[in-house]
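Okay, so chain A shows up in both of these, paired with chain B first and chain C after.
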Partner chain A sequence: MSASAEHTQSEAQVQAAASPRRRAMTPYLRTVGAIVWKDLRAEIRSRELINSMILFTLMTVLVFSLALELDADARQNIVAGVLWVTIVFAGILGLGRSLASEKDRGSLDALLLAPIARSALFFGKMIGNLLFVLVIAFVLLLLLTVLFNVTLFKPYLVLMVLLGSIGFTTVGTLLSSMTVHARARETLLPILLLPVVLPILISAVRASTGILDEMPSEDWMPWVQLLAIADVIFLVASYALFDFVVEE
Partner chain B sequence: MTHAIIEVGKLVKTFGVNPVLRGLDLDVPRGQFLTLLGPNGSGKTTLLRILAALARPTSGTVRIGGWDLPAEASQVRAQLGVVSHLPLLYDTLTATENLMFFARLYDLPAGERGDRIEAVLRRVGLWRRANDVVQTYSRGMQQRLAIARAILHDPAVLLLDEPYTGLDQDAAALLDELLREVAIAGRTVLMTTHDLRRGHALADRIAILSRGKIAFDRLTDEVEADTLPALYTDVTGTVTTR
Partner chain C sequence: MSYSVQRTNVLRAITYGALALFVAAMIMNLFYVGPERTQGEVQRVFYIHLGSFLGAFLAFGATVVAGIAYLRTRNTKWDTLGVAGVEIGLGFSTITILTGMAWARPIWNTWWTWDPRLTSIAIMWLAYAAYMMLRAGIEDPERRRRFAAVYGIIAFASLLYTVIIIRLRPDTIHPVVAGPTQADPEGSFEVSGRIRDTLFFNLFTFAVITVVLVWHRVRLQNLLDRTERRKMEVLEEL
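So, the complex of A and B:
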């Protein structure tokens, strides 16, 4: 079937269907929403990221569970550490591919060609990554509850997972956009990311341990506050820096 | 006098210490189809990336539609459509989903998106495959969809960076037909290619870029297609097989 045979609309009709209105820049939230919609739609269809992240999560939890099978106390004590280490490493798998796949197929240029705020592109990608990490975190909480016999679905712990994931994906999305042009980006991203997310990781583990051990809230609340402050700092820094990161 | 929609003055771009563009001057009047020829490394793609606001010039002036680059990049991007040798599409989405995504990025009114997408898909002959995922498309079909994406927001200027790369003869002929129709609609087109005959056949004007500068610039009426390969060799010092 030739293209010409299927041409049923003239150029005049095509142009008539175009809006004469031309805005200099697409509204911010609409841009963020469009990018999140696209990332979710593409992922639901391909399941490229989420499958590998879930498989990694499952394998990690099983290894920890089997290694510590005979020592119930040890399992109880390290559950917060297992939770956050698994979230971080499974998250790195997703963060690494999120922008790299855009770069490899050239669609990163298509995004940068659109009349959108660069920071809206950042927040669109970051929210998409955050949703994937939260799916992993939910699966992880379920697995740890069953295999470690510890109740993890506590309101404050869920809040901690949300705050920690926001900080981690914010830094991760920014650094993955910085390393996306590098040849050794798969190894470069974790090397750069882990030292930067250390404050987030330490705060999250300390607060999670306090919550799980049912300590008084004054013992772990400062860690929650520190984590919230770190999130705000990383979000503002990413908003300010992303323009320069993607500039050629 | 025809007003230039693309105005480039004394454009310099260096990567590290390596100059790629060395004081390039170029004006393209509204509605003109300009083919830009040149050997690899002559700076064609760099020039297009600067015009597309994807790269910053080291020095010099660039204005598109009266807007300055890089200061007014958003205004420039809103009136540009770009097609490269990569389709710049999402292969796990359908053609409609791809175009719906870009319609949102270009802020087409929600009530008009469906009609507009149907119009451009019919235009490039892909309406019947609108709901198929792009990874099932041939290379030629992907390139036609790339053109649909590029004209979706009805841009005044089309930048085409070697759009024929990887196409077979039939797909290239279809693309010829499509580009002619897109150009006839009054858009300004700047295309880079290594295909001298095709570039000559499509364009109103031919320029040759060599060592970071425009070394040859004529209307196609003033240049015989048969003499173009020899002329190209004289200007660039390289031989072309097409």
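So, the complex of A and C:
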């Protein structure tokens, strides 16, 4: 522990000497990185979250296939909707656990007591959640490509998944840090989250459908841009509001 | 905290005033204004439809302003205004939805359709219902006020954006009362004199009713808080 602290300190000195502008940035980014790495390591060791998220994804796709009894044409039309609904519901599982497990173990107080910027905590948690959602999205793209026989690995669609996941996890992290204090937090999170992420969901589904139907890009490009704008709005709003949520 | 007699009298006066206005507005809707040329008698519900939408708009607007003001000043009166705004706004938007459905059944031949405007108000209703759920779910009062303000702000930002992007689709079938439409891109507001009078009278009436209801709800909340504090005091004495 002390060796690593010494190491980071000397590293910081080296970087501070190299460029004075990076001096203010790097400790902040390192804090964010430390929180992400902590969450990832905990997850790699326990695998409690990612396993249940992947299983949930498999089951949701199965339920959709059975409940909708789709022929080839219908599949093509509906696959974007199935993709995003599954990402959102599986994502909610992960978001709910991310801060709830910190609170149950009592480590949330320790994180809040640490002399770090609150926004670094937010971005650390958000990037951790984003990585889990991206793993789910990757599994889902693979699964839907195989089961629905629609090629989903298109560069723009992958970009859409990335943009949509960023917006979704940003709001999700903010709201789950509120619902963690509520009595019925597992039911409250989706109720709060779904109306708020609708702009993301609408533009993501519209753009994804356009891309999959191989429509000309001017038909769906506005939706990609609207989604990017929504991401920026939510990032700024969550950055500004997170301090108020965790201020005790 | 108790209210001055003067303020109570003012509130009582405008409450009776609002009641009188409402009766007058109903008489205008039913007797003064004639049936609309193409839609017939069912169009009379429109005055309440637009009036209650204005009420919901004002009340939800008060909530957002109150949320920002609460986070800045930490004065609990802003939180009281916020919860009053959401409750009154939910009531009014329910009236807007129900009157709209009653009108749509004969005119559109369906109770509901996923038209951009209908979708927007449904999402708005759900978001503010979620706000009430959040308040009910958090026990610590200070935290509840803070979270409600934060959610009120982010939900409003998201709603605004949703409404904008939903309406990028130009194919709405919802009538546009004022402002540009596809058939009339310049935008106009041409109705008969009696319809215009009735409409403006209803809008004014509903604005007054909204203020009165929010005011009453704020006082009720203050009373509840006072009762709660008294209860605590009595419990401590025991």
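We take it that the second predicted complex is superposed on the first by the 218 of 248 C-alpha atoms of A that agree within 3 Å, B and C clash if a C-alpha of one lies under 4 Å from a C-alpha of the other, contacts with A are read in each partner's own complex, and residues count from 1 in each chain.
Operating definition for what follows: a contact is a pair of C-beta atoms (placed from the backbone, for glycine too) under 8 Å apart; a residue touches a chain by one contact, two chains touch by 3 or more.
A quick note: this is a predicted structure, and the numbers were derived from the prediction, not measured.
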Would you check which partner chain A:Glu247 touches, where first means chain B only, second means chain C only, and both and neither mean what they say?
both
Could you say whether A:Pro199 touches chain B, chain C, both of them, or neither, answering first, second, both or neither?
second
Contacts for A:Arg30 in the overlay, against chain B (first) and chain C (second): which applies, first, second, both or neither?
first
Should A:Ile233 be classified as contacting the first partner (chain B), the second (chain C), both, or neither?
second
Just to be sure I read the superposition right, which of the two partners does A:Ala110 touch: chain B = first, chain C = second, or both, or neither?
first
Does the superposition put A:Ala42 against chain B (first), chain C (second), both, or neither?
first
Scan A:His181 for contacts with chain B and chain C and give back first, second, both or neither.
second
Touching chain B in one complex and chain C in the other: list those residues of chain A.
247-248
Listed in rising order, chain C residues that touch chain A in their complex are 71, 123, 126-127, 130, 133-134, 137-140, 143, 146-147, 149-151, 153-155, 157-159, 161-162, 165-166, 168
Complex interface listing, chain A residues touching chain B:
1-9, 11-15, 17-19, 21-27, 30-31, 33-34, 37-38, 41-42, 45-46, 105-107, 109-116, 247-248
Chain A contacts chain C in the complex at 171, 174-175, 178-179, 181-185, 188, 191-192, 194-199, 202-203, 222, 226, 229-230, 233-234, 237-238, 241, 244-245, 247-248
Within the complex, which stretch of chain B touches chain A?
49, 52-56, 74-75, 77-80, 82, 84, 86-93, 97, 101-102, 104-109, 112, 115-116, 118-120, 122-128, 133, 144, 149, 151, 153-154, 174, 177-178, 181-182, 184-185
